[in-house]
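Chain nomenclature is as follows: A, B, C and D, assigned in order of appearance, with residue numbering initiated at 1 for each chain independently.
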Amino acid sequence: MKVKVAVAGASGYMGAELLRLLLVHPHVELVAVTSERLSGEPLDSLYPHLRGLTLLTFDALDPERLARAVECVFLALPHMESQKAVPVLRRHGRKVIDLSADYRLKDAGAYATWYKTPHADADGLAAAVYGLPELHRKVIASASVVANPGCYPVGAVLAIGPLLRAGLARGEGIVIDGKSGVTGAGAQGRKVDPMYLYTEANENLQAYGVAVHRHTPEIEQELSGLAGRSLTVAFTPHLIPLNRGLFTTASVPLAKGATTADLLACYREVYAGEPFVRVLPEGRLPTTRAVAASNFCDVAVVADPRTQRAVCLSAIDNLGKGGAANGVQNLNLMFGWDERAGLEAPPVYP
Amino acid sequence: MKVKVAVAGASGYMGAELLRLLLVHPHVELVAVTSERLSGEPLDSLYPHLRGLTLLTFDALDPERLARAVECVFLALPHMESQKAVPVLRRHGRKVIDLSADYRLKDAGAYATWYKTPHADADGLAAAVYGLPELHRKVIASASVVANPGCYPVGAVLAIGPLLRAGLARGEGIVIDGKSGVTGAGAQGRKVDPMYLYTEANENLQAYGVAVHRHTPEIEQELSGLAGRSLTVAFTPHLIPLNRGLFTTASVPLAKGATTADLLACYREVYAGEPFVRVLPEGRLPTTRAVAASNFCDVAVVADPRTQRAVCLSAIDNLGKGGAANGVQNLNLMFGWDERAGLEAPPVYP
Amino acid sequence: MKVKVAVAGASGYMGAELLRLLLVHPHVELVAVTSERLSGEPLDSLYPHLRGLTLLTFDALDPERLARAVECVFLALPHMESQKAVPVLRRHGRKVIDLSADYRLKDAGAYATWYKTPHADADGLAAAVYGLPELHRKVIASASVVANPGCYPVGAVLAIGPLLRAGLARGEGIVIDGKSGVTGAGAQGRKVDPMYLYTEANENLQAYGVAVHRHTPEIEQELSGLAGRSLTVAFTPHLIPLNRGLFTTASVPLAKGATTADLLACYREVYAGEPFVRVLPEGRLPTTRAVAASNFCDVAVVADPRTQRAVCLSAIDNLGKGGAANGVQNLNLMFGWDERAGLEAPPVYP
Amino acid sequence: MKVKVAVAGASGYMGAELLRLLLVHPHVELVAVTSERLSGEPLDSLYPHLRGLTLLTFDALDPERLARAVECVFLALPHMESQKAVPVLRRHGRKVIDLSADYRLKDAGAYATWYKTPHADADGLAAAVYGLPELHRKVIASASVVANPGCYPVGAVLAIGPLLRAGLARGEGIVIDGKSGVTGAGAQGRKVDPMYLYTEANENLQAYGVAVHRHTPEIEQELSGLAGRSLTVAFTPHLIPLNRGLFTTASVPLAKGATTADLLACYREVYAGEPFVRVLPEGRLPTTRAVAASNFCDVAVVADPRTQRAVCLSAIDNLGKGGAANGVQNLNLMFGWDERAGLEAPPVYP
C-alpha cells in the first residue's frame, strides 16, 4: 500500500527533481502536483523528459484539497508561500516537507531580520524540525513539519560540523566559500533573469549576495548547535557555470595542533553508519561530479600546519543532498522506511 | 535468484554507464569487472562516484574465467578485442552483449573495408544479432551474441526507419547529420587526446570523420533492411561541447507529397507499444536534455513541401539508448524480463 | 580625421560586438549609441567590460539626430525597425550598414512571405546591396545601404558558393545543416526566454525553426545568383551550447566525378586574395575555435565518391564574420579603407 | 623601428596568448618562437587560428641563438627550464620576461622548499624584479629580468593589497579562495591529463593543491611587502569549468570598524591612475566575463560588520592580467612605451 504524496510548486528545478525521484520511489504514489502558472497543463508540457512517465496535470495550489488527497506534501514554494500552506496541512494532520526557507530558522527574529518580513506561523515554526538527518535524525522521524535545509547549509554544516562537535575547532574566524551550479544560486524557480541566461552565465564566474546571503544565519544556527555556543561565520556564495553541483570550501581555525589523519579519524567516527556521507581517504578530494544526481555528500578535511587551520571540503548536488533527495531521505525517516528507499541509484557519471 | 553478469572493459565511459545501470538492476548481480590497465584496483579508485556502492575490483580480462563465473558478459572493449573473447564465451554457452563494432556488420567484407582488417570470427558473426530492439526484438530474445548498435546508427535508424519501412521515402539523396557529446565521438575510452581536452572541446564545434566514419555502413545496413533494397547515405558526424547527448538531423527525399501529420501518423503506428521511443506531437522537437541518462529516443518528423523532403530528428543519450542502456534492454529481452527492468528511472533534468 | 559613426540598437549581442570593434577601429570615432530601454544610462551599466573605455551613454533612437551627428550608422535593430530608420538616414545622405534582415531579400514578395508582413521601404530595398564582400565587393564599395547578411547565410554561401559558381554542383538536393552558438540562434537581443537560460541550453542540443527558418530564402537568393538559376535548399538550424560560433555542414550533389583535391583547387582559386576566407589544406577541417572573435571564415570541402556528393564545411563566429565584424569589413569597403582595418586582431584561443 | 622579440615555450596556452598579443603589438616584431616538441613545424600546424597571420615556424630552444636574434625574450617554459635560459640571455644583455615561477620568490630557500629543488641561478634571482606593475612599476622599468607573477597571486594581491598597505587589515586570519578556469590550474601546457579532459572537467568543480599550492609563498611575499611584516595566508585553489577566468575571494579581518564606502575610498586612491585596475562602484561585483581576453583586473571590496571582516573580490583573465597580457604590460614598461600599447582591445563579450 503506497503512501500518497503531492508536490506543491513543481515548476521550478527543485520541484522537477522531486518529481524525478518520487515517480519511481518504491513506497509512494505521486498523486498531485501544483503550479499556479501551469494549472491545467499536463506535466510533460513543461517537462518533456517526463513524457510517457505520468499522466498528471498541474493544479493550482489548494492546501485544503491537498490535505484531503495525500498524507504528505512536499512544498517547493518561494519563501513566504509555505507559511500559508503549512497551517492548513498541519490542521489536517498531514506531514509536510518544506523546501523553502520558511521553517529553517528557529528564531523568528532572525527570520524577520534576514527575510525582511515577520514570520506568520509561530506555531508551525515551533513544531518544525531542521531536516538534516545527519544532525537531527531522531526528531525528524517523529516530526510533522520538516524544514529541508538550504543547499549551502547542507554543504557547510556537513563539511565543518565534526570539527566543532569534537572541539577541534575554534569558533572565531571561520570562513566559508560556497560555489553553486546554476540550478541553485537563486535560479531554482527557473527565474528568467539576464544573469541566468546561457550567454551570461556560461564562461563566467562571480560572487553574489556578499555578506548578506540568507543561508548565513542557517549555517550559524546549526554550527552553533554543534559547538554548543553562538558562532558567526563569514560566508560568500558564488555562481559557477554548471547545471548541478555545490562545492564548499571552509577554512576553520584549529583549537590545537592536529594532523590530517587526526581530523579524518574524527570525521570517520562522526559519519560512521551514515548512508549518504562519504568521508574520502587521505589524499582524495571531493568533486561535484562524483555526487551528481544523487543524495551523497563527499567530504574531506586537510590540516594546514602553516596556518593552524583546517580546510574542510564537501561536494553535493544542490538539487540532491542540497534539496530534493535530502527531502526524500526525510520522507523515508518520517514514514519509517529504509533511509535509502528511492535513493539507491548511483550518481550519474559523467 | 539473480543472474550473474560481468562487464569487460569497464574503464571507459560506456563501461561506466553499464556499471551505473547494472549495480541497481533488479534481476542481476554484477560479479566481475575487467580492465587491463587497472587490474587489482578497487572500482572506486577510478570511479569515485561509486564509492560505497560496490566492493568489486578490476580484474584483467580472462574470458575462460568469466565464462565460468557468469551467465552473461557485456563487452565494452575496443573493436578487434571483442572478436577474441566472443568465441570463448560462446563455447561455454554464455550470452554476450557486445558494445564494440565487431559484430554489427553482417558482411565480413564490409567490416574488412571499413575497419581495415579482416574479421576473425566468422561463426560468431553469423550467429550475432543486431541489437536494436525496435527492429529485431524477436531474434534478440533468442540470440547468444547481440551486437549492440553504434550510437549514431541508433539515432539515425530510429529517426528515418519508419519512412523507409512505409515506402514514404525515396532511397537516394538521404543526408544524415550526427551531433554527439564528447563521451561519444571517439572518446568513450577516456582516451587522452588533445582534441578531447576541456580547453579544446569547450566552446568549440567541429565535424570529424567526414565521408569515412565507420558508423556509415551500419546505418546503411539497417536502413537497407528496412527499405528492402540497398541504400547509400551521406553521413557527417560532429563533436559538440556537452558530455552526453546525440542528436540526429536527417534530410530524406519524400516519395510523394505528404504532410507532417501524415508522416507523424506513420511514426506513431510504427512505434506504438515501444517502451523507449517517444514520437513527439506536431510542433514539438526533440532535445537531448529530455533523454539524458535514460534509454529513451525522442523522435520528430517534419515535412518540407518546398523541397519535397522530410526532416527526421531524434535525440538520444549516446551512453543510454546509444549504448549501455540499450544493452540493458537487450539483456532484458535475452532473459525474458520486462523490457523496462532497470531502466525505469526518468531522464535527469536538467 | 576620423569618421563619426553610430550604433543603433546596441543593447543586444550584435550591438555589443560592434562596440567592441568600433571603439578601437583606427579610422572611426564612435559618437552615439542607442537603446530605447537604456536611454540615459552609461554604456558600462549594461556592459561592465567596457568600464573605463568609453564615456558614452545610451540614447533613444532618433534617426534625424543621428543623421546630423554621424556619417555612417550601424543598425542592429529588430527587423521591421530598420525600415523606419533607413529612409531618414538615406534622405540625409548617410551611409547605413543594416544588421537586421530588412534589406537582405531583393524580392519584396519573398520578404512578405517569410516575415509575414509587407516591406515598407521599396526604394531603400532597391538601393540596398547584399553585404557579403566575397560576392559583392564592388557594389558594396559604392553603396549607401548595405544589408549585412544573416549568420547562417554567410556560413552556407561561403561554404557552398565555389561549387555552384564553377558548375561543379548540381542544383537539386542541397542539404544544409547549420549549428549556432547561443549568441546567434535568436538570442542576439539578449532575449530573456526560457530556451536561452543557462540551465536549459547548457548540456543540451536541439534543432529549431525546422523547414521555416527565415535565413533560408537568403541562402537561396545568393546561391541562385552564383549558380545562375533558381535553387531550393533544405536548411535546418540548431542551437549548440557555446557562446560564439557557427558551423555549417552542407551536402551538395556533384555534377560529375571530382576528387577532394579537385574541389579544393576550385576553392583556392575562388578565394585567392580574400583577406578573411581561409581554405584549409586537405586533411584539415574547420573548427569554430579557430575563428572565435574574428572576421575569419575557415572553409573545407571533401568529396565523397560513395554518394557523389561533396561535404562543404565552414566555421565562423556568428558575431564576427556572421555579423558585426563583417559589418566592419563593409564599412572599410564603403569608405575606401584597407579592408582589414580594425579587424587585424587574431582569433581568441582558447 | 620595431623591437625584435621571441617567445620560448610557445606550445602552451600562455605561449599562445603571447603570440596573439605580440603579433599585433605596434612596437614589436615577433621573430622567433620555440617548442621542443614541434621544432620545424609552422605555427599554424598547432594553432589553426593563426593560419595566414604569420609565417613563423617553431624552433628548438637555443638561448644563444635567441640572444643574437632578439632584444627581448618571453619565457613561457616550465619552471626549472627558465633558470637555464636566463643566465645566457642576461650575459648577452637581453631583457627577459619570465612567465615561469623561477624568479618570483626572492628567497631561494623558499623556492627550494616549495619547488623541492634548489635554485640554480642566484645572480639572476638577485637581479629579477617581481613583475606586478601596480606594485613595482619603477623597478620593472629598469629591470633586465622580470618575473611575471602567477595568476593566483595577481588576483589575490590586487584584491587585498590596498587594505594591508593602508593598515586597514589585520595580518592574521587572511583566507583566500582562488577559482581558475582550465587554461590555468596546471593545464597551461596543454598537458594531456585525465583531470583536464572535457568529459571530466565539464559539469564538475573541485579544489586541488589544498594547503600546498606553490602560489602561496608568492602571495605571502607580496602581501608581506605591502604590510611591512611577515604574513601567512590560507589559500585554496579550485578548478572551474570555463576556459579563461580567475576569480579571487578573500576574507580579511579588519583592523577597525570600516564601512564598504571607507574601504572603496582606499582602493580608489591606491589604484588611481592605474590603466588596468578597475575599482567597481559600490553595489557592483566583478565577473570574469568583464575582463575576458584583456589585461584588466576588476576589483571590489565589501565590509561585513557582522564578522569584522572585509570580502575582497577580484576578477582577471588568467591568461591576461594573470599572465601574457601582464607580461606585455611589463614589456611596455621595460621599453618605455605607453603602458597600454598592444593592450587596447576591449574585453571580449560574451
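Here, contacts are C-beta pairs under 8 Å (C-beta built on N, C-alpha and C of every residue); 3 or more make two chains touch, one makes a residue touch a chain.
Everything quoted here is computed from the prediction, not taken from an experiment.
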Item to check | Greatest separation from chain D - chain, by CA centre | outcome: B
Next on the checklist: Of the chain pairs C-D and B-D, which one is connected by the greater count of C-beta contacts?
Outcome noted: C-D
Next on the checklist: From the mean C-alpha coordinate of chain C to that of chain D, what's the distance rounded to whole Å?
Outcome noted: 36
Next on the checklist: What's the distance between the Cα centroids of chain B and chain D, rounded to whole Å?
Outcome noted: 46
Item to check | Touching two or more other chains - residue numbers and ranges from chain A | outcome: 13, 183, 199-200, 202-203, 241-244, 287, 289, 292, 350
Item to check | Contacting residues of chain A [partner chain D, same complex] | outcome: 173, 175, 177, 179, 181, 199-200, 202-208, 210-211, 232-234, 236, 238, 240-245, 247, 249, 251, 253, 285-289, 292, 302-304, 306-307, 309, 311, 313, 315, 350
Item to check | In the complex, chain D residues that touch chain B | outcome: 13, 182-183, 187, 190, 192-194, 196-203, 241-243
Checklist outcome for this item: Counting only contacts in the complex, chain B reaches chain A at residues 13, 16, 19-20, 23-24, 47-53, 183, 203, 243-244, 278, 280, 284, 287, 289-294, 298, 344-350
